[in-house]
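After this come two complexes, each holding chain A, first together with chain B and then together with chain C.
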Partner chain A sequence: MKKLLSVLPLLAVVIGVHLLTSATDTMYYLTQMTMSAYYSLLIIGLCVLMGYAGQISLGHAGFFAIGGYLSAALTTRSLVPYQDTALVNLLDSVGMILSGHDLYGEAMLVVSPWAACGIAVCTAALIAVIIGIPVLKLKGHYLAMATLGFGIIIYRVALALEYFGEADGISEVPPFPLLSGLTISGNFSDRIQNYYIAWGLLLIGMVLLLNLMDSRVGRALRGIHGSDEAAGAMGVNTSRFKLQTFVLSAVFAAIAGVCLTHYNGGIGPSEAGVMKSVRYVAIVAVGGMANLWGALLMGVVLNFLSLRGVFGSYDDAVFGLILILIMLFAPNGILSLNIRHRLKQLLRRGKQDREGEV
Partner chain B sequence: MALLEIKQLNKRFGGLHAVNDVSFQVEPGQIKAVIGPNGAGKTTLFNMISGTFPPTSGSVTFQGRDLRGKKPYQVADLGMARTFQNIKMFNGMTALENVMVGRHVQSNAGFLSSMFRMPWTWKEERAIRDKSMELLALLGIEEHAHTDASSLAFGQQRAVELARALALEPTLLLLDEPAAGLNIYETAEVGRLITKIRDLGITVLLVEHDMSLVMDISDEIVVLCFGEKIAEDLPPAIQQNPEVIKIYLGEE
Partner chain C sequence: MTTELFIQYLMAGITYGSIYAIVAIGFNIIYNTTGIINFAQGEFVMFGGMIAISLLHFMPMPLAIALAVIITMVIGALIEICFIRWLKSPSVLRMIIITIGISILSREVAVHIWGESIRSLPYFVGNEISSIPVFGARISPQVLWVVAASALMVIFLGIFFRTTSIGREMRACASNRKAATLCGINTQNMVTLSFILSAGMGALAGCVMSPITYSQYDMGTGLAIKGFTVAILGGLGSSGGAVTAGILLGVIEAFSVSVVPLAFQDAISIAILLIILFVRPQGLFGSKEAAGLSEF
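Presenting the complex of A and B:
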């Protein structure tokens, strides 16, 4: 209950931003705020994995891409050539197939968005299990390199397969009707609705993760981070908890991928790129690693700035630089820098120097 | 039946025979100590009992169960808790939270039930908190419950670590050099705590090289030297044992 209350101010901010943009006639900002919310959904999941369970992943763009690409391909690629196969018939009989017509009036059969979302997220979870079991035995930079390898594989697969559109990616991805009246789509008229859908999902994700961290599981994860050996001696099955957290964060990433792809109406290989993974890690680090609120705040702010093109062509370079600066000057995150305290110290030192001269 | 039975346990690290054919038993309700000079193989012995690494040969039986191939978390689940020579606090967690991790095996909430805060987890969470506070109070450190555990004084960290191990409600408690790094007052205090724990009905097996502590509180003592058991007896007899005196005081 307390956790729910702690999210209320954020809800107020979300509504406030909407009212502010509508008052100042800058509603176009809401588009980037929506996209930032989805990226932040991935980032808070990664924050639990990195900051709390202490396992780094340089491959989370891969899980985002698995979610986005699968859901895009399943809802766009026509199944007409396979319509007599058992699998398509089976999907059809459980209502997971939609029929329609493409631009040229040809008959089309595609998987419904909900079913595609389910398949995409489950696939991401399954791949996380398969990758996680061997890889999570590694520690520190070995784990970083192994997950990096996974990210590169997903990137190259997205680039290589015609099914995934090669270098062009997939476009013309249809909207995702969540409930009647609520649709994830990039249509101009749905902008406000989508802003609230994205932030609603992010808030729900945040509440779930805050709950998780303040529980038996969360304490066990922080214990693993503190001392793997001592956590084991307390009866914590450390490898299983690490794996479950890895899968959980992969699911968050995949859901973010699915939603953003339907919102943007498409996905391209850059979403699977290694630089994206590095960016996510950098944002979690700026947020203070074991700090869900920090990750959320930095996720929204930095993604928003990046999407607005503030960093220009130096976009990736900026995130690289952020990573270096944070590691050097604020390894506990930018929020840990008590700026006022530091300024006071500086002033006091200056004063002492002057007094020393007298 | 003995609570813990160690039979012909051996551990070789390459050419080093760290533990050589050691056998002894721990009876329920006693405080048993394993002593010996540095490098005698005490911690290696402990790590084999708690499942940190497997013995080269020999067996460990706990409550009639062979512990072969069991991982530390499984051994803990069977009712054996341990502490570490160089205290392993969970950094960034309060003393209370450290102890609460110790309730892990006595509770059930998983990922989904924690995320959705299912009503049954509320009661469990409250029980975890109450029990942990109770243990901190038992060890006299409840006023530090909400302090970051790694910022506590060394002796207080020892107490938190003990409380954390007790939170498992173990049948057997393994203490790896509980007096290491403590001054004589703190050592005496730890001695009192260990006796208190035994009086709660928990069997204690400790490894120690502080003779005064061991002689005061142990019911039985095993002496290791260069990986071999050279004596096993009651404290007064160990004090008279010429071989033990030779190890500890050097030859005359």
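Presenting the complex of A and C:
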């Protein structure tokens, strides 16, 4: 309940931004705010994995792409050639198939968005389990390289398979009707609605993660970050917790991928690229690693600026530079800089207290 | 598969393999002295090739290549001095992120200087169609240059590390940094030197491979992944292992073309990397105890 209250100011900000943009006639900012919210959903998931559990992942764009691509392909590619196969009949009998007509009036059979979303997220979770079991045994450089390799494989697959549109990606992805009246789509008329859907999802994700980090699981994860062995010695099942966090963050990434793909109406292979994964890591690092609010704030601000094209052709360079500068000068995140002085004082006082006790 | 085709694939494999081996040895040199995997290793190769191509407008090729190697060495030294030297016992995660940042930044610098176009040095001898018959197969003379340059570099490094006093100091630094400091070796300078050496090797590899594989601003990441695969495969830190593993990976990759589509060629070497990491992280030739001691 307390966590719910702590998110209330954020809700106020979200509504405030809406009112501000409508008052100043700059509603077009809401489009980028919506996209930033989806990217931030991925980033807070990655923040739990990197900051709290201490496991780096350079392949999270891969999970985003699995979600986005599967959902896009299932809702776009017609199943008419496979109409009579058992699988399609099975899906049809449980109401997961939509029939319609394409631009040229030909009959089309596609998977319904909800079913596609479910399949995409479950696949991402399944792949996270399969990849996670061996990968999370690794540490340091090995873990970084293994996750990077995973990301590149996903990128290559997206680029090589005709089913995923090769270099063109998938376009003309239909809207995603969540409930009657609530639809994820890029239509001009649905802009405000989509803004609130995206931020609503982000708020729900935030409340879930904040609660999780405050629970037994969160404490166990912090223990793992501090020392694998020590946490294990205290009876924490380290490999299970790591795997669960990995899968959780993959699910967050996949949901973000599904929603953003339906919102944009398409997805391309660059969403799976290495640079995207590195960018997410950079944002988590800027936010201060184990700081969900920092990750959220930086995720929204940096993605918004990047999507607005503020950095121009130096987009990637800016993120590279941010990575280096943050890691060199403020490894605890940019938010730690302002309060560093206070922290130092606190530490000094703490030290004196301890010395006093001795 | 006919004998000619077999030899053709084999030679292609050895060519790429020796380049991977050089990149892997570059990883090893820096890893040995610092315990860092330099994710920007592939960018040294890119810089070497690109700078040589630009210098070619002003001077003959041997001079351009030599100057490109020297400039890349300076870049390597600057990277170490600016970003790494003054960090006191940074965590592995921090170093990974910093070197990734350096690699992105180098790539962006390159794309703003040279653009996205694909360039290449001219063939050292002959041209695209000149070839030497080997057991019925026909190979380009440039292949011999690549293999010879790689072999020379490995031999040079071996001599350098064994006979010169600087080489011995570097090895001392690699086996025990604290003890080396106590013996009066300036370990910080050794780290800078290791960056210079691996930058120079990468740059030379980038020059000799440029006529065959071409140079582009974003070639670094792929090379780094493959170099890392080779370094792990041969046992991290072992140069001899890197050569064997490099040629092994190159040959596997070359022959895989006849089985799987070209688009998946990269995926194969990454799959090998993942399998090796899961099954034998100490490498094919490394011992388990040695791997247990390193800080992973």
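Definition applied: the second predicted complex is superposed on the first by the 338 of 358 C-alpha atoms of A that agree within 3 Å, B and C clash if a C-alpha of one lies under 4 Å from a C-alpha of the other, contacts with A are read in each partner's own complex, and residues count from 1 in each chain.
Basically, a contact is a pair of C-beta atoms (placed from the backbone, for glycine too) under 8 Å apart; a residue touches a chain by one contact, two chains touch by 3 or more.
Note that the structure is a prediction, hence the values are computed from the model and not measured.
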Which of chain B and chain C A:Pro134 touches, first, second, both or neither: second
More chain A residues in contact [chain B versus chain C]: C
Partner chain(s) touched by A:Ala144 [first = chain B, second = chain C, both, neither]: second
First (chain B), second (chain C), both or neither touched by A:Met275: second
Contacts of A:Ile152 with chain B and chain C, given as first, second, both or neither: second
Which of chain B and chain C A:Leu212 touches, first, second, both or neither: first
Touched partner set for A:Leu321, first chain B, second chain C, both or neither: second
Residue ranges of chain A touching chain B (in the complex, touch as defined): 3, 208-209, 211-212, 215-220, 222-223, 225-227, 229-238, 244, 248, 290
Residue numbers on chain B that touch chain A, as the complex places them: 50, 52, 71-73, 76-77, 81-82, 84, 88-93, 97, 100-105, 107-111, 114-117, 121, 124-125, 128, 164-165, 167-168
Residues of chain A that touch chain C when the two form their complex: 54, 56, 58, 134-135, 137-142, 144-146, 148-150, 152-153, 156-157, 159-160, 274-275, 278, 281-282, 285, 313-314, 316-317, 319-324, 327-328, 331
Partner chain A, residues of chain C touching it in the complex: 37, 39, 83, 87, 90-94, 96-98, 100-105, 107-109, 112, 221, 225, 228, 232, 261, 263-264, 266-267, 270-271, 273-274, 277-278, 281, 295-296
